Amino acid sequence: MAVRNVAMREAIRRALHEEMLRDEAVFVMGEEVAYWQGTHRVTRGFLEEFGERRVRDTPISEMAIGGVAVGAAMAGLRPVAEFMTINFAFLALDAIVNHAAKVRYFFDGMFKVPLVYRAASGWGNQATASHSHAPEPIFAHFPGIYVGCPSNALDAYGMLKTAIRDDNPVLFSESIALYPKPSPLPDASDEAAQDDLLVPIGKGDIKRAGTDVTLVAYARGVDWSLQAARALARDGIEAEVVDLRWLRPLDMALVYKSFKKTNRCVIVEESLPMYSFGSEIAALLQENMFDYMDAPIKRVAAEDVPLPYSKEIELLALPNAQKVVDAVKEIV
Amino acid sequence: MAVRNVAMREAIRRALHEEMLRDEAVFVMGEEVAYWQGTHRVTRGFLEEFGERRVRDTPISEMAIGGVAVGAAMAGLRPVAEFMTINFAFLALDAIVNHAAKVRYFFDGMFKVPLVYRAASGWGNQATASHSHAPEPIFAHFPGIYVGCPSNALDAYGMLKTAIRDDNPVLFSESIALYPKPSPLPDASDEAAQDDLLVPIGKGDIKRAGTDVTLVAYARGVDWSLQAARALARDGIEAEVVDLRWLRPLDMALVYKSFKKTNRCVIVEESLPMYSFGSEIAALLQENMFDYMDAPIKRVAAEDVPLPYSKEIELLALPNAQKVVDAVKEIV
Amino acid sequence: MPSPSKDMLLDWYRQMALIREFEETCHQLYLQKRITGVYLHLYSGHEASGVGSMAALRKSDHVITAYRDHGIALILGMDANAVMAEMMGKKTGGSGGKGGSMHLASAAHNFWGGYAIVGGHLPLAAGIALEARYRGKDDVTMTYVGDGATNNGYFHESLNMSAIWDLPVIWIIENNGYGMGTEVERASGQTELHRKAAAYGIKDFGRVDAQDALAVYEVASQAVAYARAHGPAVIEHITYRYRGHGVSDKQYDSRDDMSAELRQWMDEREPLKILRDRIQAQFGDVSETLSAHEESARQIVAQSVEFAEASDLPRGRDALLSNTYVGSPLVYKTSDSIGAGSD
Amino acid sequence: MPSPSKDMLLDWYRQMALIREFEETCHQLYLQKRITGVYLHLYSGHEASGVGSMAALRKSDHVITAYRDHGIALILGMDANAVMAEMMGKKTGGSGGKGGSMHLASAAHNFWGGYAIVGGHLPLAAGIALEARYRGKDDVTMTYVGDGATNNGYFHESLNMSAIWDLPVIWIIENNGYGMGTEVERASGQTELHRKAAAYGIKDFGRVDAQDALAVYEVASQAVAYARAHGPAVIEHITYRYRGHGVSDKQYDSRDDMSAELRQWMDEREPLKILRDRIQAQFGDVSETLSAHEESARQIVAQSVEFAEASDLPRGRDALLSNTYVGSPLVYKTSDSIGAGSD
């Protein structure tokens, strides 16, 4: 099977496209997904191919986008509902965490809610404060839903397909910064080959092996971690990069295994620092790996401020590979 | 000055009442705050005393409650906007974190947003899944707003007054379970005496001194911690109870000071466990107090499930003093 | 619309008597602390609104509502035992004791539930109707929404979505005069709530006296036919709640004007009496049958209490955790040394 | 309403020419990567909507809008230098370089800002108007909202709140035919957007051809007078965006039908031309003055570009952190060993 470099956007598009071909119950809805071809071009060509019935533009009504998907899923469809950016999903928080995530529990299993919320996430393009969040941990705080955040084309492909096929609600957060990034994806043309690429829910991945320090990350944090690992290698420090891929459930076994070997850890995320991804992973590590800790676990996250427009100070607020390198050097 | 036992609800009522007398710009708005006398009776009698202008019933419009308060505050009023329960504040997440918390930053300091959002929080009364949250950490994730969570009458009184007088937006979360609980509050009748009771934003408090283990908590978690401390004392274990009172900003100096003495810590909260209060405090402790850690830091939180109706399993999901005792015994 | 037969009308009375008995019993059980949930919103006074409108449906149609859901469940044929057991949080409850009063549902009856967040069920209704449209079925979704809820963003976005997508939803606004303690006049700029339909270009079927089951049925039948063929419809039901907002609504009886108001509704617009009079005017004396229905209601409800009280509570951690997800519970614990994904 | 004087009309033209020049310059600067923000929504084509309506205000009145805010800022008299510097993220920008294109504001001009979340500013508008009511002032709040935004819950809840509280807000729906790529007809069940006022019992001032500044002014004057005395008002402005949704709206010109549509608007309903014709019809040849205004606009904008490019960027951690809060920044760092509260 040929393996080609493919932009993450394209991998997501391919996964969605294949699932729509595979299962007639799958449909997409969201702002500008149809005629406009998707704000981030993920649904490019879909309207033409699948028609208005299965490719549905919505008004600017996030509460309804969130809730209509729940009803449709309960009734037997498999909606893939897009929030143009994850910031707008704030307006649907109730639909997501109090309805999608709880309907099954309210009624003790009477209904399934097989839906996927897709959302473009992240910051760094001068989108300013209200449009600059990577708030996946906020959503992952709540049980009843899964949260997936791919870091490359292959994972995005396999994770989204799994998410669509799963009978639980999934929030699928796609880093805007990673959309154009090419990475290898096999040309899986038949279904069996495609199925081989499925990524199970809650399964993390070692993105780089190493012995000296564990970098735990997801989505864009993986990118910064891999860059940092290359820089560190030049100084003889071998970092292992664990991509958790899912914020709920967490594949902590993978983290612990790595940590037992390295005894040191830096957690890397794009989000704000308080009550966030780094907080949770650090807390779990110190509790469950106490005897393996040779140094404090460090966290690299965004600065604890709203994001400004002006590029230079915006970049100051963002994490980057150098900040990861610096954090590692504090503990090795 | 006479000190009387007063229900936390009454202390909040008194604080709000005094601030409304003191400053004509202070007004209350929310669902059922006026004619119904407040769902939790905090604004009992206000309509009669202050009239419809300053005690404003709203429709069931949480987005607008959240946002109207922002506009009114920018324009120079000091709104105290009530969410009947904090669950309904999910519908106002955007107004709270993307408007109240960011307006000042957007415009680089051009406006102030001196508002308080009050909300009744917590679970344990068979309110079921969508009405059973203590999600303060979710809101405290975002910079630009302060988050206060009192654990007794005196703190509630002093914190709310500070919150109303502060020029920043504050989310003030009131535990429903603590509303009826009596605790001592001086009869401060003149303004100077009242001002002495103000609690600075971000200032924690030692609720019980101890030497063997630090219990870090807020709101209802303080209650469980104090109960646990009494039980532990019978076994010769002296727990120090640190009530952080504010989830943003965090008074970590107080926690660190205690931890340096006890070298052990259990964090107690009413919220869900993932990406939450315990995560953050544990992460900070291990990073900044690494050399003082004699044992892993433990967390006691709610079970990671939506809340069921049936009392017995509902209580299973909730934290309690015994769970705190058990956690302490694992590490001392 | 065929005019309803005698049997049909008698059956409506049966349903209404059952609801009234069920709700008043719940009220008593609450006072006796045999039902302990903090939320318990009764349908007493609303009976004709639900019975008359759902009579216009066929079996494959869908129904969804908010937390004031006991009556809706019973009308659709949910077993009173399962409903009462749910009030008591029992394993045998319709929602296994997890949902309580506000979260009844029955997939077998196309009853999609009771929901506790005001307005939260409205987009779900649109989604359920979308499935029908998507699959080319002509089933409609009957959706009940309170007057207070019409002021929420969910209402606006859901009705608009139903309009542009031609979704077969009948939006029934149950205007009982209040959202908790707030009169419609103090909550809605537009107090003729059916007129809100104009903001979405939705067909407006106007206001109905919803204490009169026949009047309700007539308009509902038209609206259902319209929705089946075309798209969404709005109806406003004027009704009244006999037991305040919910059982914890203590000040309800303390407001004299309200009590007078309530007394007037009960005296002049009692839905069971109106139906009884309508039937007797058309078909002569049916008091025996009606009494039998009332007696049967008493028996059914008394038995449901017995059943519920004899049922087991859900117990233990497994009961707590189950059905958070489809499949393995994947439960997170702070002290877990292994995660869910890897083995 | 007094009919506008010649000077007034000439001044409107001045404002409109300034906006057009400013926006088209922004467009060029964006293509040249001298403005780098991802969001830049231009007011070209909308000029008469803002100029005609704000002419009905007095100085103590308030204005708030969404992200399409450059024109609004300039009409209110914000310095073009400060506006352009903000586009370039400079310290001298109106928002210190922190807000960018979508977040202009000027407290000195009672301009409460540009906001980026669709509908998010609508309850703020109600809150600003509430302050006036609360304090017994008769200032009004003019609020601009897009056609697409009227489908959002914020719109519904805010308009309703303004109605029940009699808030002096003029809700101006700037219907430019599209929300991003979605035509009004595909987004709103009610396509005559002013009719949404009926859902709130708000006084409906109907539709206005908003390419004609005089027509806009006339209706706005009535609505402002009404709002000052009574409460909220709704007006629908029919207008058109010349530069697509925003500068990143690349497909805009690729859709042929759209280009034809745009061409037609520019040919037949160009707001500057319509105003010019109106003035000349009434007052004779004023082309010299108008040319002078156009020339002056070019100079002002050219100078604003120079000013902005010569200005300093905000730099360093202090600039990043400042104005997160009033008072000390209380900045959280994972590695801090002391917190904010204790000393």
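General remarks:
Just so it is clear, A, B, C and D label the chains in written order, and each chain counts residues from 1 on its own.
Everything below uses one rule, namely that a contact is a pair of C-beta atoms (placed from the backbone, for glycine too) under 8 Å apart; a residue touches a chain by one contact, two chains touch by 3 or more.
This is a predicted model, so every value here is computed, not measured.
Looking at A-C and A-D side by side, the one with more C-beta contacts is A-C. Averaging C-alpha coordinates per chain and comparing to subunit A, the farthest chain turns out to be C.
One simple way to say how far apart two chains are is to compare their mean CA positions; for subunit A and subunit C this gives 39 Å. Averaged Cα coordinates give subunit B a centre that lies 35 Å from the centre of subunit C. A straight line joining the Cα centres of subunit C and subunit D is 45 Å long. Counting partner chains per residue, subunit B shows two or more touched chains at residues 59, 61-63, 87, 91, 94, 98-99, 105-106, 128-130, 143-144, 248, 250, 274, 278, 283, 287-288, 298-299, 304-306, 308. Chain contacts: subunit C has residues 95, 97-99, 103, 115, 117, 120, 151-154, 156-157, 160, 164, 186-188, 324, 332, 334-335 touching two or more partner chains.
Within the complex formed with subunit C, the subunit B residues making contact are 31-32, 35-37, 39, 57, 59-63, 87-88, 91, 125-131, 273-274, 278, 298-299, 301, 303-306, 308-313, 316-317. Touching subunit D in their complex are the following residues of subunit B: 27, 53, 56, 58-59, 61-77, 79, 94-95, 98-99, 103-112, 143-144, 166-168, 200-204, 246, 248-257, 283-284, 287-288. Subunit A meets subunit B in the complex at residues 63, 87, 90-91, 93-94, 97-99, 101-102, 105-106, 128-130, 135, 137-138, 140-144, 247-248, 250, 272, 274-280, 282-283, 285-288, 290, 293, 295-299, 304-306, 308. Remark: subunit C residues 151-157, 159-160, 162-164, 186-191, 195-196, 198-202 touch subunit D in the complex. For subunit D in complex with subunit A, the residues that touch the partner chain are 36-39, 86, 89-90, 95, 97-103, 115-120, 148-149, 151-153, 179-182, 186-188, 251, 313-317, 319-321, 324, 331-335.
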